[in-house]
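Please find the structures below.
Two complexes follow with chain A in common, the first pairing it with chain B and the second with chain C.
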Partner chain A sequence: MVQLFLESDRVAELVAHLMKQKSVFAPHAKGRKSFAFEEVKDPSAAVLDYPRVMHSIRKFFFPPQETLMTFDLKENTCSVAETPAADAIFFGVHSYDLGAVHRLDYNFSEGNPEKNYIARRQGAVFVGVSYKPDEFHFSGSVGIDPYDTAGFDIFLTKLLDGYIVEALTPVGEGLLDGIELPAHEAGKPARGHFQQHIYLPQAKLGQVMDGSYQNEVWDDTAKKCVGCGTCNLVCPTCYCFTVEDEVNVQVTGGSRDRRWDGCMLRDFSAVAGGEVFRETLAERQRHRVFRKFKYISDETGQPWCVGCGRCTACCTAGISIVNIINRLVGDYEKVAVTPI
Partner chain B sequence: MADKPRVAIFDFTGCEGCELNQLNFEDQLLDILAHVDIVEWREAMDGHADEYDIAFVEGSLSTPDCIQRIHEVRRKAKVLVALGACAVQGGVNAVKNTHPIDEVREEVYGQDKYLFPTLPALPLSSVVKVDYNVRGCPMTQIEFLKVFTSLVMGKEPVEPEHSVCVECKLKENECVFERGMICLGPVIRAGCDAQCPSVGQYCTGCRGLVPEPNLEGMEEILVSHGLSVDEAWKRLELYNANEVEGVRS
Partner chain C sequence: MINFEMVSPDNAKDLYLPVMAEIIKVEQMTELETLYTVALPDGAELGHKPGQFVELSIFGVGEAPFSISSSPTMPGVFELGVRKVGMLTEVLSRMQPGQKVGIRGPFGNGIDLENFKGKDVLIVAGGIGLVPMRSMINYVIDNQQDFGKLHIVYGARTDSELLFEDELERWTADAGIDYRVTVDQGSSEWTGPTGVITTLIPGLELDLANTVCCICGPPVMYRFALMALKSKGLPERNIYMSLERRMKCGVGKCGHCQINSSYVCHDGPVYHYPEIKSLQEAL
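Our next item is the complex of A and B:
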């Protein structure tokens, strides 16, 4: 693989070069200390050095809110909105967030393929960037390295004074055509260390989770959890939604809209007639964690959590998914070694 | 469409900030009026109606007279909708319920206190059956329009049960906790489109608590972010004293 070198102060030049070919979306500073993926208008505003974006790039393929169709109550007709393809370059994506997109690809194409998601995914090009794990990342424990280039068209590996640039696909090579970058001779630097680890060997994942249904960790967590749903909404592999009809004030028409929803929310588990099938916060927390480490994992052999650390970083109650899993592992080990 | 629904609007103890005329409804007012006949509205017209289909009621109940009047409204209305925090959960008025009632009367009316009988400030639902709520202080305009169109169409309005955090996340707002503020959003009902956090303010809880709130959990969150236990509960009481008092004591 050819490795090129991009000096730090030429990043905006690379972004501008890419913008000539397709729309470019990249992390931007937002609020006091947060970052969000937005369309690049000014190449120098794109940020490559950031811990994590508030929402992963999932939001471009599965938007927080969207109109599925509009209807006319007078004519008794409806029209389904056309879903445009993304057809854009996503610049500065971390490996765990692309890993999450690959998981969503599975969720939205298995069984009943979800046509809006699939349509939006078309033409998406990914430029990755390495990152230094902070106090919340634990991707290493779920098999996603900060240098993991899987699925990227171009990957940038951070050096002290710039980036190693690798084109990994013909699309990536084509995008770099016309920008002069010197070759990079030395190898890649050592990756940053993770500060957070889950002690769950992948081979044992199934066994540990199988024995966890009755664990006390669920009740203990529920004492602190307020059921706000933030951990679901920020998770890059959560894909639940709800659909509602809105009618305009003239009562002549309206729209059918959908928005993100999540299993920590009481109204998510309420069904017609008022029955709530996961009444307690303990049951809901268990369900959330099982969705990440058991149900889909039993099918695919892979954890469905990518270790981004968002759910923990954003939980105002300080609930950590790493601590939950480590407690399950600890209890499993204890059970496993205790003679009966 | 059959006959237009007859609508009556009433106010009890509150600032009257919720009533329709106080809101910036100019754009929608004509559309609203096209679908209903307003038959009673003290703020805007004279006279009383003997019967109506929908009663919109603002304000909490805080005197014996209020109790009598709300029973009358309930008898005459087919559907009763509570408008705003005072009517839905007692609102700011209910903070007085956390103090002995005699002290409150003395503070407000001084030596005339015996002329003004007063009760704890109660939500409408503690005295009569309330069919639907439009929450907020002042009531949330988008929610009023949703409830209104549902009723005109004969549909059941959907009341959100999830937290303000959900709406905040849908808009990808930076959480105000990140700015060192303290927010009640995690246990407060959505429906306002996270109005306050969206402009960098914290949620004070005007739309009321989510069903089955974990208030001890919320106390822990507030305390871990720097409030004392007492401050934490005072913060929660501002708009939700009636519900919070029940849990705390």
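Our next item is the complex of A and C:
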């Protein structure tokens, strides 16, 4: 693999070079501490050194709100809505967020392959960047390290004064054509250390989760949880949705839209007759965690949590998924670990 | 990396676009329940199995799942028995024959007919649970040669809430059908038994090894019906249950209908009891 060197002050030049070829989306600073992925207008506004973006790039393939179809109320007819291909470069993506996209690819392909998601996913090019784990990241514990290049077309590894640039696919190589970068000879620096770990070897994932259904951790977590659904909202592998009709003000037509939904919300499992099938917060917390570490994992052998730390960082009640899992592991191994 | 190949857009489907179907007939059954006869465009058959459901939508109001109440043996049209409990069903209740609604489906696994063929069939239906079970009942009646004896156990809250009254009379009169009904509270005109549905189970005369049962009713009913059937001696492998959840998308994506790892819209709604014993959220 050819390694090239990009000086820190040439990042904007690389972004501008990419913008000549396709639309580029990259992290932008929002306020003092937040970052959001959005389309680059000014190459110098793209940020590569950030802990995590508020919402992962899932929002481009599975938008927070998306029109599924439009309808005409006078004619009582409907037609399917366009779902344009992304056809863009996603610049400065962290490995866990691409890991999450791969998981969504699976969810929207398996069973009934869904056109909306799959159409939007087309033409997406990924330029990754390494990161220094902060106090919330634990991706290393779910097998995705900060240098994981799987699925990227180009990967940038942070050095003190710049980045190592590697083109990993023919598409990536093509994008770098026409920008002169010197070779990098020295190899990669050591990976940053994770401050957070879940002590759950993948080989034991199934066993630990199998024994966890009745664990007291669900009731204990429920005592703090307020059921706001923020953990679902920020999770890059959550893909549940609700569907609602919106009527225009002239009442001549409208659209059937889907929106992100969350299994932590009480109405999520409610039926018209009034029954709520997951009435308690303990049941809902368990369902959320089992969705990430058991149900789909039993099928695929992979954790469906990518260790981004968003649900913990954003929790309004201070609940940590790392502590939940470590308590399950601790109870399985019969050793004491940090309480919630 | 997750080891699989993403499907190409050409092989992916528009999963959410309904076809426009015409309401042919509207019959008020009780104060809250109405039976709608619906026809797909160009006389197309729905092609369902007993126990399946469709997503019905009215533009500007929304979409909801409804179990199919007619047997696949009814040609050209299908029937939906609907209880008025929400906004969509309120608007639906004002619709007239000739008006059109959106239909997607049929969805779900339906009843595993192969496991019922050649056997006696026991249907345990509580309240609105008779709506999906009527599809199976009429299928068995129309294909008598494929099945043994038909037992129907039906319970409603009051006699004014009994559904499909004409058919209940026919089942009562048919010597080939063992039809039993009870109401929780009878009016002054009610001459039949009163009590919850499980009180009818001990009195059944069943060929236990050769009887396959399907249960459908309100959530609270399943555990009690199951206890009564087990103490009657019906083997667990002969028990199926049709479960209700919020099947919003119908195609295994939206997450609302999940029972543990199982998507009711896809793996259900009809479950073989031995298979759902391990699903803690099921009953």
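Throughout what follows, the second predicted complex is superposed on the first by the 332 of 340 C-alpha atoms of A that agree within 3 Å, B and C clash if a C-alpha of one lies under 4 Å from a C-alpha of the other, contacts with A are read in each partner's own complex, and residues count from 1 in each chain.
Here is the rule we use: contacts are C-beta pairs under 8 Å (C-beta built on N, C-alpha and C of every residue); 3 or more make two chains touch, one makes a residue touch a chain.
Computed from a predicted structure; not experimentally measured.
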| request: With the two complexes superposed on chain A, say which partner A:108 touches: chain B (first), chain C (second), both, or neither. | output: second
| said: A:281 in the overlay: touching chain B, chain C, both, or neither? Say first, second, both or neither. | reply: first
| said: Which chain, chain B or chain C, ends up touching more residues of chain A in the combined arrangement? | reply: C
| query | Touching A:244 in the superposition: chain B (first), chain C (second), both, neither? | reply | both
| request: Could you tell me if A:158 is touching chain B, chain C, both of them or neither one (first, second, both, neither)? | output: neither
| task | Give one of first, second, both or neither to describe whether A:270 is in contact with chain B, with chain C, with both, or with none. | result | both
| field | Partner chain in contact with A:77 - chain B first, chain C second, else both or neither | value | second
| request: Considering only the touch criterion stated at the top, classify A:52 as touching first (chain B), second (chain C), both, or neither. | output: neither
| task | Indicate the residue numbers of chain A shared between its chain B interface and its chain C interface, in ascending order. | result | 244, 247, 251, 268, 270
| Complex contact set, residues of chain A against chain B | 30-34, 36, 54-55, 59, 64-65, 222-230, 233-234, 244, 246-251, 259-260, 262, 265-268, 270, 281, 314, 316-318
| note | Touching chain A in the complex, chain B uses residues 28, 31-32, 34-35, 145-146, 148-150, 152-153, 155, 158, 160-163, 165-166, 169-175, 177-179, 183, 185-187, 210-214, 216-218, 220-221, 224-225
| field | chain A-touching residues of chain C, taken from the complex the two chains share | value | 1-2, 4-9, 11-18, 20, 57, 59-64, 83, 85-86, 89, 100, 102, 218-219, 244-246, 248-249, 251-256, 258-261, 266, 280-281
| Tell me, which parts of chain A touch chain C in their complex? | 68-69, 71-73, 76-80, 85, 99, 102-103, 105-116, 118-119, 121-122, 150-151, 213, 239-245, 247, 251, 253-254, 256, 258, 261, 263, 268-275, 277-278, 283, 287, 290, 294-296, 298-300, 302
